[in-house]
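Next, two complexes with chain A in common: one pairs it with chain B, the other with chain C.
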Partner chain A sequence: MAVLRTLLYLFIYPGLLFLFIYGTFCEWFDRKVYARFQNRMGPTQTGKFGILQPVADFIKLLAKEDVVPDAVDKSLFSALPAVGLAVVSVAALLLPVWNFDLNVPGPTSFSGDLIVLLYLLTLPTLIFFLAGWSSTNLFSTVGAARVITMLFAYEVPLFLAVLSPAILAGSWRLAEIAAFYQHRPLLLLPNLIGFFVAIIAVQAKLERTPFDIPHAETEIVGGTLTEYSGKKLALFRLMLDIELVVSSGLLAAVFLGGFPGGAILGFINFVIKTLFIILILSLLKAMTSRIRIDQVVAFSWKYLAPLALVQLLIVIILKGVLT
Partner chain B sequence: MKFQIPIGPQHPALKEPLGLKMTIEGEVIRDADIRLGYNHRGIEKVAEQKNWIQNIYLMERICGICSHSHATCYVQGAEKLMGIMPPARALYIRYMVSELERVHSHLLWLGVAGHEAGFDSFFMYVWRDREIVMDLLELISGNRVHYAINTIGGVRRDLDESQKTKILEGIKTLQKRSEYYLYIGVNEPSFVARLAGVGYLSKEQAMKLCATGPTAKASGIDRDVRKEDPYAVYDELEFDIAVADTCDVLGRTVVRIKEILQSYTMIEQMVKKLPVGDITVKAPRRPKPGEVVARYEAPRGENIHYIKSNGSDRPERLKVRAPTLANYAATIEMLKSGFIADIPLIFAAIDPCICCAERSVVLVDASSGAEKTVPMSELRRLGIERHKNSPIKRNLAWLY
Partner chain C sequence: MKIGVMMPELLRALFKKPATVDYPFVRLAPPPDFRGSPFLKPELCIACLACERDCPAEAIEILSTNEAEKRFMMTIHIDRCIHCAQCVDSCPTDAMAMDMIFEIADVTRLRMKKQWEYVRATVKIKPPPAKPPASPAPA
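What follows is the complex of A and B.
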């Protein structure tokens, strides 16, 4: 019975199947909202309001020819999409929405799972770097260099911003942080600077405009993913969708008071709060133009990192005042 | 580590085939070279085999965006050769279409610039509003792209009162929207960060390299054929030349938006002052022998047609100098500094119309990369050699 439960947990809910459905839904939501911001229709044809369009795209890519260049390390090249998908799916299991008991830490909710989640969210970036570098294509190589340069720009502000609410809550466990802010909702307000920094850093992590530099099509064609096609590209795209879900879930858990209300109400909370974060991310995407890689690094270290430090300072002083 | 990246002949930033060989060190450009000749169509040669009327439509097909520019430039030359003067009403309609075309071309460019900079919302909004001017052009001429409104000695379609009011309405909406885009273009921080200081071309260099159109105007050179050699109706209209002195891509953007704002006032003046009368005069089938140079301010810069007539019903020689050709030298200079991210912007900022400017074919050996230019005589020799021993196709059996 326990085995069956685990299998259900891994493959159906909240495992791969659920993540696939919710990830594609979030992609549809993002595309639709982005299109409406631009005075376009967005997907309309597949399913009601085009809601199945991302699924259709996924299936279409699965059916396409899968080309592996001669010069690449074939095993690495083929393994990367699967590993990436696995990494972000594991990260999704750590969100404090499903299967956790606040009083009894388990394998999916334990002290320090915030750090593990952040670590698992860093891995996709490295996977993109490896994917670009191992493609041996000039455009991919440039893209890979840009991926890793951007990592140095946004990673530190993101960590600082996400950790400061945790310091105020006095816990490294997502469920406990969320519970802390559910009891004292007013304490969410001092974290607004951190929320702002984290939103921008997540936008950079997900490589969306204005940070879509590693795959800027008008400069370096497909960037890191230039040589990827067919099934592998489909897996990479699914990975990005799930990464979007996980990172918005993380921000909602840390900055928006988590998902209170048990299994069903908590899930509704999860959907509403992640969609709210995706809405902000889409708005940011629609409002800005892609900036240059040197401008990203300068922006992160001149503005984002100091802001995150200010947030940390506010939290430390506030904690001193409160105790 | 220095390496070369090929931008083109097939690349998402390029709408037409052209090769840019960029030498890159990390993200920084060290050197640039340009390779032309992927889209040579031999239109100048074809023009020598068509009669004067047919050539109007051929010239229109030199370019898909400034189609009216080439046709008008040719028609101006042909009219001068034939010694006829179109009626005033015809000229007003002709140059009204010219200004509308400038509006649609610059709006198209603005959208493309937004896309090259990764500002897709800007692109979508601008292209949505470009539909207004496309609809106006369709209303006037019946076509959206190749208006075919010119004929030697006038225009082919007249304007009525309802069309005039519709043009004025459309222009009013566009004017409001364009002012908003000017505001966005110089105020949105991420967009300005991408454009300001990119693709620097000083005034001296722009002079020296014979830059033309908005590229030159953004470097502070107020050169415009409409003003310094006013042809047809332009001396009766009030307008200013839009210039900027920032010498960069931002300046070129501002110049283009200001230029369309000027075009709106010009169109308004032309609609209001539209004289009554005929729209065409009869043109002779053959001009007298002679040669003529026609100048025309196309959206991309000065367009020059050299036409030579030997008194027959066909031009003996028709030479087209498209504005893009004049800007290539400046482009290479601009591309030699900056970042990879600037390449599409700098290149797009001259509003390149590659197929307008193609004049030669370069043969490249696929394995070694060696290049050679082949003159016509050599091509002829190769053709004769190849077909020397082939059987004469005299008794071809047709299958149907």
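What follows is the complex of A and C.
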């Protein structure tokens, strides 16, 4: 019975099937909102309001020819999409939506899961780097170098920004952080700077528009994913969708007071809060145009990292005042 | 672009009607003077070959198929046509006109031609563009 439950947990909810459905829904929401920001219609035909368009795109990519170039390391090249998908799916299991109960903690809720989640969200970047590097294509290699350069720019501000609410809550466990802010919602306000920094860093992590330098279509074709096609590309795109869900879920858990109210109400909270974060991310995407890699690094270290440090300082002082 | 200008604009666009339409299912009518592809009204053509001569893309071809019956065949090669409407301007009898169809892509250029076979018409040539007469014309 326990095995069956674990399998259900892994494959149906909140595992692969749910993440697939919710990830594609979030992609549809992002595309639709982005289109409406630009006075376009967005997907309209596949399903009601085009809601099945990302699924249709996924199936289309599955059916397409899967080309593996001769010069690549074949096993690495083929393994990376699956590994990336596995990594982000595992990261999704750590969100405090499915294991919110502090008295009966699920197997994926433990002290320090915030660190593990941040680590698991770093891995997709490394996977993109490896994917670009192992493609042995000039465009992919340039893209891979840019991926890793950008990682050094946004990762430190993101960690600092996400860790400061945790310091205020005095816990490294997502469920406890969320519970702390549910009891004291006013304490969310001092974290606004951190929220701002984290939103921008997540935008960079997901390689969305102001930071879409690693796959800048106008200069380096497809960037890291130039050589990927067919099923592998489909898996990579699904991975990006799920990464979007997980990172917005992380921000909602840490900065927006988590998902209170048990299983059903908590799930509704999860949907509303993640969609709110995705809306902000789409607004940022529609508002900006691509910047250069040196501008990203300069911006991150000149503004984002100091802002995150200020946030940390505020949190430490506040903690001293409160206790 | 300043964020303070951009953000209200974007948020307003979120609640406005989209500027685009659901294209293959909803089609906007082309503007009134739209130049589609040229077509022939065979009952007006006097086979003067003015269009064939003036066509800058050499897209019009008029052949005589029967000398005795004065039968001609006109072929318009849409794949060569540059949609300049010079043939419409050159035609002395208004036998050429432009349609409003803008989706003329095809799978092969061999299919992109229009043909008419007809007997040469005997209509009057249209008068030259009216100039204000210097003196009253004789009745």
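Keep in mind that, in the parts below, the second predicted complex is superposed on the first by the 318 of 323 C-alpha atoms of A that agree within 3 Å, B and C clash if a C-alpha of one lies under 4 Å from a C-alpha of the other, contacts with A are read in each partner's own complex, and residues count from 1 in each chain.
By definition in this document, a residue touches a chain if its C-beta (ideal position, glycine included) is under 8 Å from a C-beta of that chain, and two chains touch if they have at least 3 such contacts.
Please read these numbers as outputs of a predicted model, since none were measured by experiment.
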Chain B versus chain C as contact partner of A:I317, first or second or both or neither: neither
Contacts of A:I291 with chain B and chain C, given as first, second, both or neither: first
Which of chain B and chain C A:Q38 touches, first, second, both or neither: both
Touching partner for A:L283 - first (chain B), second (chain C), both, neither: second
In the superposition, chain B vs chain C on chain A residues touched: B
First (chain B), second (chain C), both or neither touched by A:L7: neither
Which of chain B and chain C A:E219 touches, first, second, both or neither: first
Touching partner for A:L265 - first (chain B), second (chain C), both, neither: neither
First (chain B), second (chain C), both or neither touched by A:V67: neither
Chain B and chain C contact sites that coincide on chain A, given as residue numbers: 37-40, 286-287
Residue numbers on chain A that touch chain C, as the complex places them: 33, 35-41, 44-45, 283, 286-287
Chain B contact footprint on chain A (complex, rising order): 37-40, 138-139, 142, 145-146, 209-210, 212-213, 216-221, 286-295
Residue ranges of chain C touching chain A (in the complex, touch as defined): 3, 6-7, 10-11, 13-14, 16, 18-22, 25
Chain B residues touching chain A - in the complex, by the definition given at the top: 3, 5-6, 11-13, 24, 26-27, 114-122, 124-125, 128, 188, 190-191, 193-194, 339-344
